[in-house]
Amino acid sequence: MITAIMGGDVIRAVTRAMVALVSEARFHFAEDGIHSRAVDPANVAMVIVDIPREHMEAYSIDEEKTVGVDINRVYDIAKTIKKKEIVEISLEDESRMKIRFGSVEYVLSLIDPSAIRKEPKVPNLELPAKVVLDAGEFKKAIQAADKISDHVVFRSDETGFYIEAEGDVDKIVFHMSEAELIEFNRAEARSMFSVEYLKEFVKIAEAGDLLTIYLGNNYPVRLVFEVADGKAKVEYILAPRIEAE
Amino acid sequence: MITAIMGGDVIRAVTRAMVALVSEARFHFAEDGIHSRAVDPANVAMVIVDIPREHMEAYSIDEEKTVGVDINRVYDIAKTIKKKEIVEISLEDESRMKIRFGSVEYVLSLIDPSAIRKEPKVPNLELPAKVVLDAGEFKKAIQAADKISDHVVFRSDETGFYIEAEGDVDKIVFHMSEAELIEFNRAEARSMFSVEYLKEFVKIAEAGDLLTIYLGNNYPVRLVFEVADGKAKVEYILAPRIEAE
Amino acid sequence: MITAIMGGDVIRAVTRAMVALVSEARFHFAEDGIHSRAVDPANVAMVIVDIPREHMEAYSIDEEKTVGVDINRVYDIAKTIKKKEIVEISLEDESRMKIRFGSVEYVLSLIDPSAIRKEPKVPNLELPAKVVLDAGEFKKAIQAADKISDHVVFRSDETGFYIEAEGDVDKIVFHMSEAELIEFNRAEARSMFSVEYLKEFVKIAEAGDLLTIYLGNNYPVRLVFEVADGKAKVEYILAPRIEAE
C-alpha cells in the first residue's frame, strides 16, 4: 500500500506537464518520491517529472510500484482541485489508484505498464550555456514569439540571453542581460526550436517559478522548471530544428 | 399595478432556475410574493420558484395577477444586472412588464398565460431521508460525477450521505458523514438520477447556499435550494432513473 | 529618430479604437503628439485618435514623420502589454517601427503610407446638444440595446438624455436626467444610429472614462471618449440611419 499526500498545485502541474507530450505514462512510486518520463510520439521532446518525497505533505510506501496512468483522465480530475487543497493518492495494487480530496474520492483503473511505450533513456548532453531566469518572463517571450513565427532561436553570449523570432515581415527579440538573469555563465551557444512545443511547455509556468535553461549549439535544450512553489520539478528536453542556410 | 423591488441576485437566480427546464412560464404575483412552477417538456423534472414578499426590498400589489413570461429573454436581461444592483419590476396590466435598473428600463411584451403549458400539480411525495448540506459541495460532486458517467446514485444510511457514479472503468464516490452534514436524519434511501438534469440544476448554486435533499427509494428526489443569500427558494423535483439489473 | 514612451493602457486603447474601423492606418508623429484618422470601408464612421505629447511619459522627435501601420498587428501586440507597463515606440525611418516593453522588442515593418486609403477631412458639424456622461453607463446602455434591436435613437430634450431601442415585441429606454449627467446644455436633438458600430466603439470605454456626445437632428453624432485615465482622446463620428416613416 502506497499513500502520497500533496497539494493540489503539485498534481496539477505534474499532470499538465505530461499531457503536453503523451496521453498515457508509467509512474514510479519509489522510496525517494514519484517519478515519470515520456517522449512524444514524434520523438522530438522528452518530459521528466519528479515529486521528491520531502516535498510532499506525507508519503508512506511499503513496496516500490510502477503503474500505467491515463494522463488525460488524471489531468481532467486535477483541474477541478484547488491549488491549496490537499490531495491523497493511494495505491493498493497495480490495478487501481484512488484520488481523494474534500468529500470526493475517485477510483481510477490503471493501465498495464507493459502496454505503454517504453520509457526513454535520458540522453547525456554536453550543454555549455546555463541560464537561470523567471519562468514567467520566458513564458511571455514564447507567447510573443508565437505571434510572429513557428520557430525561435535561443542564443547566449557574453551580453546575455536572447530569444529571437523572425516572421515574413516582422521580428521579435527578447533579451535579458546578465544583470537581469538570476544566474548566467556567459557561455556562447545557439540553437533553433519549434514554437509548437515550447508553447505547450510554458503552460505550467507561472511568474515567480524558476527556470534553468541548458543550451548548446544546434543541439537539444534542457528546460528545467521548478513549479508549484518549488515542490515539483519538470524537465523538458527538446530537439533542435535544423536551420535552413 | 404591481411593483416589486429586489436585488439583482434574486431575479438572476430565479430566472436561471427556470431556464434550466422551460423557455416560457406563468408567474403569479400574489399577496405573499412571486411564485412560478413548470415541468420540462420530457416530464422528468419540475421547478418551483418562490420569492417571498418579506425577502424583497419592497412590494406593492393592488390585485393579484398571473402573467406569461418569455424566460429566456428575462434571463438574458437578468445576466446584465449586477448582484447588488436594485431592480424594479412593474406590471400595469397582463400585456407588458417593465424591468428597471440603473438608468435602463426594459418594456417586455408578455405572453397570454393560457397559451403556456398548464402548470403541474406538486406531487405528494413520502421521502424518508432528509439531508442538509452546502450547495457548493453538492455542485462540485455533480460536476465531478459528470466526468465519469451520465447517471448518479444518491444514497443515505446511518454512515452518511453518498453520491456515486460509475463509468466504464472509473468510479467516483462523494461522501459526507453526519458530522460533515448540516442536518441529517440517518434514514436509509437510495435512488438513481440523470446527471444531465442535475448539472443544470446546480448552476444556480454557490458555496454557502443551503441545499436540502429529500430522498426516497427508487423515487423522485426533492432538491430545495436557498439561493441569493436565502432571499429566494428554488425547488427541483426530479424523477428517478430505472436501474438496470 | 522619434521615441515615444507611454503606458500600456494608451497604446491598447488607441489601437483598439482604430481596429473597430480599419485594418491599416496612417499615423502622424508630430511635434505636439501622435495623431491618426480613418474612415471605415462603408464610409459610415470616422475615428480620430490623439495622444498629446504632454500625456506621454516622454517624447523626443527630431523631424515629423507619417507612417503606415498594420493596425491589427499592433493591436495584437498591444493586448499582451499590461496596462501599467511602460512601452517605448521608436522610429528610425519610415520602414520600421520598434515596440519595446519589459525584455521584449518587436520590430515591425511599416506600410508605404501612400498605399493606404487617403485620410478623411473632419467634417464641420453644427450639433446643438452636448451631453457629458460616464462612458461606462453609455456602454451598458448600448450593450442592453443590442439585445433588442439593430438600431437606437439618441434623443435629448430639457428632461435629459435618452437612448431608445425598439424590437419586434420589446423596448428599452436608457434615461439620464440633467442631475445624473456630468454636463448637459438641455438642447433638443434626435438621431438614429446603427448598433453594430456603437457596439464596437464602446469596447474602449471603461467605467470612469468621460464621454462627450454632440448630437443633432438626423445628423451625424460625435462621440468623444477620454480613455486611459484621460491620457488619450478617441473621437468617433457616426452617420445617422434614415428613419422609416
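Think of it as A, B and C in the order they're written, each chain with its own count starting at 1.
One rule holds for everything that comes next: a residue touches a chain if its C-beta (ideal position, glycine included) is under 8 Å from a C-beta of that chain, and two chains touch if they have at least 3 such contacts.
Protein identities per chain, from UniProt: A, B, C = DNA polymerase sliding clamp.
Worth saying up front: this structure is predicted, and the values here are computed from it rather than measured.
Visitor: Draw the chains as points, connect those that touch, then say whether the picture is a line, ring, star, complete or other.
Guide: complete
Visitor: Tell me the rotation angle, 0 to 180 degrees, that brings the C-alpha atoms of subunit B (DNA polymerase sliding clamp) onto subunit C (DNA polymerase sliding clamp), to the nearest 5.
Guide: So the angle, rounded to a multiple of 5, is 120 degrees.
Visitor: In angstrom, rounded to a whole number, how far apart do the mean CA points of subunit A (DNA polymerase sliding clamp) and subunit C (DNA polymerase sliding clamp) lie?
Guide: 44
Visitor: Could you say which residues in subunit B (DNA polymerase sliding clamp) touch two or more other chains, in rising order?
Guide: none
Visitor: Please give the residue numbers of subunit C (DNA polymerase sliding clamp) that touch subunit A (DNA polymerase sliding clamp) in the complex, ascending.
Guide: The touching residues are 73, 76-77, 80, 102-109.
Visitor: Which of the residues in subunit A (DNA polymerase sliding clamp) end up touching subunit C (DNA polymerase sliding clamp) in this complex?
Guide: Touching subunit C (DNA polymerase sliding clamp): residues 137, 140-141, 143-144, 147-148, 169-176, 180 of subunit A (DNA polymerase sliding clamp).
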